[in-house]
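Below is one structure, written out as structure tokens; the observations come after it.
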Amino acid sequence: MREPHVATGPSLAVEVAGMRLQNPVLSASGCFGWGEEYARFWDLRRMGALVGKAVTPHARPGNPDVRIAETPAGMLNAIGLQNPGPAAFRETILPRVHSLGIPIWVNVSANSVQEYVDLCGMLSAEPGVSAIELNLSCPNVGRGRAEFCVAPDAVAETVSACRPVCRCPLIPKLSPNTTDIAALARAAESAGADAVSLINTLVGMAIDVDRRRPVLGNRTGGLSGPAVKPVALRMVYEVVGAVSIPVIGIGGIACWRDALEFLMAGATAVQVGTANFFNPMAIPEILDGLETWLRRNEIADVREIIGAARLEK
Amino acid sequence: MIPILEAEVLDHYEVAPEHFVLTLDAPPIAEQARPGQFVMLRALDAWDPLLPRAFSVFHADSEGGTLSVLYRVVGRGTGRLRGHEPGMYVRAWGPLGNQFRLPEGERVVLVGGGVGVPPLVFWAERLAALAVPMEIVALIGAQRGELLVGLEQLKRARVTFRCATDDGSAGHRGYVTDLLPRTLEGKRATVYACGPMPMLRAVARITEATETPTELALEAPMACGVGACLGCTIPRRGGGYARVCSDGPVFPARDVDWSLMP
Amino acid sequence: MREPHVATGPSLAVEVAGMRLQNPVLSASGCFGWGEEYARFWDLRRMGALVGKAVTPHARPGNPDVRIAETPAGMLNAIGLQNPGPAAFRETILPRVHSLGIPIWVNVSANSVQEYVDLCGMLSAEPGVSAIELNLSCPNVGRGRAEFCVAPDAVAETVSACRPVCRCPLIPKLSPNTTDIAALARAAESAGADAVSLINTLVGMAIDVDRRRPVLGNRTGGLSGPAVKPVALRMVYEVVGAVSIPVIGIGGIACWRDALEFLMAGATAVQVGTANFFNPMAIPEILDGLETWLRRNEIADVREIIGAARLEK
Amino acid sequence: MIPILEAEVLDHYEVAPEHFVLTLDAPPIAEQARPGQFVMLRALDAWDPLLPRAFSVFHADSEGGTLSVLYRVVGRGTGRLRGHEPGMYVRAWGPLGNQFRLPEGERVVLVGGGVGVPPLVFWAERLAALAVPMEIVALIGAQRGELLVGLEQLKRARVTFRCATDDGSAGHRGYVTDLLPRTLEGKRATVYACGPMPMLRAVARITEATETPTELALEAPMACGVGACLGCTIPRRGGGYARVCSDGPVFPARDVDWSLMP
């Protein structure tokens, strides 16, 4: 009975919060624009879902430069959530990406519970929006970090308030700049989250020793890329053990082996961020690599390896 | 679609101290490349340095399928690039960004400093090859005479050029922009400039006063090079930010908000 | 008046908690043995101080393998505090390192406040011990992390209890696996710490996709090396702004530019850890580089650049 | 003092599919290197891959000042190493670790698998050059015939050898350890082995039964290679851990606690 599978190829489909995704490889918010740029390199219809750049309650011009800095196997960014705001998003961007025919997750970022609720209300029922990712963690804009990522009760409050108004799956995205990521995830779950995604960036800094000042205009920025992968993987492993909703793994995924590590840690799907920047073909190459690996290991369904590296005590 | 390939290094030689010309076998990029555009290059298989680096197209031979860039070894990115001998491969994608627009007026003035010269040489070559004859003057600056690059190519394209060096070891002693006001006298000109930010600022100041149409090829720290990361922005006159990689790298000088530039 | 300085070379000396160090470059605990290994590469008398491997209340055999894993620009370790215990340390190791003629800082690690107090009592008055570094952060041994690194009040309690019995400067070493590093540092300061050092390792993980299990025997390990530098630098910058005791910067320092970044962020001295592993000459090369840079910039005293990149609002 | 230097690559060639011999100009290391010892190698100036890699000394020419290692391209560390052409430099330090002790008995049996062969070849050469004549037999294993390495050197040193391959494409079809019991018959022998852990475990089991003195050159993931990180430990019979890099890499087989080995 294995033959037919091998002939048709392994199944890469997964289910997240009631949504069927044709495969578990998604883009990470803020690292893929709204897809247009990468559509010039490969056929976006191959990806599991497209997670777009954060939308905030009002248009934001973003931070003054310098916005990015390279670090060992990573990068810092302090883009400052540049985006045209929800109205422009709905009218000009969404119709365009909707026409791609792939699931679209909208990442929303705000400074108060009410703003999050408003954004969910405004965007979650729009045609083309498959899920809302609640960015509870942006470290580059004022009080964002202190307010929404630190305390489990703040996470719970935001998620509970959004849940009733959100007409599609609600997926809080957690910050790694915390003592206890599992507590945040549990708070999100009990407040009604349909899944959680993690990690957002670690707060970091670089100093320009020639100019004797921080490299970034914003002083600090968010660290991402391969450098953070071990921290992200550990947090995903911890959170998978702490909640029973699906976990989306993010952080430093650059090749199919990395994606496999997260799936084996128990992530139901993964998001690819910074890797798109240094390799525009990152997502399709990861998909090819996963498929080849499954085939070579005679695994008919990717779901068989989700959590495969978990050692239960 | 934008070509992305593992491109073989065909040639890699020093043109001036710490300045190298790297030639790649990259037919699809070479064919599409236009003056002002750039390519992203990255060593295969290592995550440090992580990000690709942008290099202006210095020469593109669409028949031979080769693409050349001229770069200076500055830091870890270019240091790593320099280790690529012929026969080795780099990942290359492009061409990216917009291109120089055709000139207005009777005279074209190119102002290049340091490794800002390469895109202007490519532009000079393409302009010189046009059916319409036009007067092209290049002003080329560097720290020292031995660091002046692209002169041979300009000669071959029969482009008049004048040089400036910080120490006076070749041409004018001082800034290349010192030569600009006099060059603009007389005929109506269009200016194209690429080089360090203080040079570009000076060019913009001079040509704004003379109302000379001016295009600047800018640089900014880049992550993606394709418009996705919003990392490479410059302040736009009138508000907001423009991406150097995809709204540029070529901008009319008047579109830049110089008061907010670093 | 500059000439004499240039002739004699810039001064690299700094003062930490009343101790004069001939220069601000130290080894990081657990990354330099007790110096013997690196004494076979260079003259240890060049370094500012030697911070040794953790001493625990009782001898520990360490964790079963695998103990280390390479990650992008970093490494994970789960050594498990292998050490011969305080008695053996005092009798066989300390006399040997004391004879080197450089300041020795002893790093101590324990599982209860009482054990920390006992270790301080046992070791802080030994001849040759210049300072005690309280390792409040080892992530690889049972409850250590939860107990001592998370809560400011736990840090305060431990430091207050140790302070009266500690006969030399007491330097708590803080964990980065926390929401608010500045709060930990303030707690340490108000409890009587003479300085703080940071960061210890970030908790991370790697999975061996071929064997479908975590690479490390201990599952998780501590992430160190250049990958963590941006996080470490940000935390040092934050802590320098929050306390007035000296801050020792640690995390990913691999070359003189890295060391300079930490000094400019406000660290009074730095420790070099993982870099010793991939470059046994890391410390002397950093010292040479700092000296050359100071000379080239005509700075007579390294203390002039401490905090030079701090932008006060 | 342990030499550490930026060593020039003198020669770098393929000896079998994916197997390379790298020869460095490293006089101080070559002079001190003894069979069983290893060197740490690292590309200059990149933090990924971060850690150095250990390689057994395959050949050391103290007169010519050259040092050779034989390696197989397995992952990113060795992949990066392979990119080093003659004229390029790597950072090298060593020799590190202990060495094989002189044999007891009338016969020396070397058991090598895969890239465990290089240190045994070096040992065979040095033993064969001793004034005391002795019988040396090498048992060399690999997956396929074309992956058997070091045979030429063994021939040149006039060392008798037998081969085993997994697929029978050369010599015995099966494990190299299948050949060991018969080789141990008769004279008193000392066994030296290096190769994959299952092979070493089998060697230890066989020679423990026959009470044959046995030395194993072990491998373990290493960070520092010099004894400082405590990352490379193996469980010691009787309790506790030993560092492969500095208490080894050569251990009497009976000193290893096999019940705790992975």
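Here the chain labels run A, B, C and D in written order, and each chain numbers its own residues starting at 1.
Note that a residue touches a chain if its C-beta (ideal position, glycine included) is under 8 Å from a C-beta of that chain, and two chains touch if they have at least 3 such contacts.
Only a predicted model underlies this, so the values are computations on that prediction, with no experimental measurement involved.
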>> If each hop has to land on a touching chain, what is the smallest number of hops from chain B to chain C?
In response: 1
> Chains in contact with chain A and with chain C: which ones?
Replying inline: B, D
> Cα centroid separation between chain C and chain D, in whole Å?
Replying inline: 36
>> Centroid from C-alpha atoms only, then distance chain B to chain D, rounded to Å. What do you get?
In response: 52
>> Between chain A and chain D, what distance separates the C-alpha centroids? Give it in angstrom.
In response: 46
>> Among all residues of chain A, which ones touch two or more of the remaining chains?
In response: 71-74, 225-227
>> Among all residues of chain B, which ones touch two or more of the remaining chains?
In response: 47-49
> Taking chains as nodes and touches as edges, what kind of graph is this: line, ring, star, complete or other?
Replying inline: complete
>> Applying the document's contact rule, which stretches of chain B touch chain D when the two form their complex?
In response: 45-49, 76, 79-80, 83, 85, 88
>> Going by the contact rule set out above, which residues of chain D touch chain C in the complex?
In response: 1-2, 4, 42, 47-52, 77, 91, 93, 220-235, 239-241, 246, 260, 262
> Which positions of chain C touch chain A when the two form their complex?
Replying inline: 71-74, 76, 150, 177-180, 202-209, 212-214, 219-220, 223, 225-231, 233-234, 237, 252, 257, 260-261, 264-265, 293, 305, 308-309, 311
>> Considering only the defined contacts, which chain C positions touch chain D in the complex?
In response: 30-33, 36-38, 40-41, 53, 61-62, 64-75, 77, 79, 82, 225-227, 254, 274, 276-281
>> Quick check: in the complex, which residue numbers of chain C touch chain B?
In response: 72-73, 226
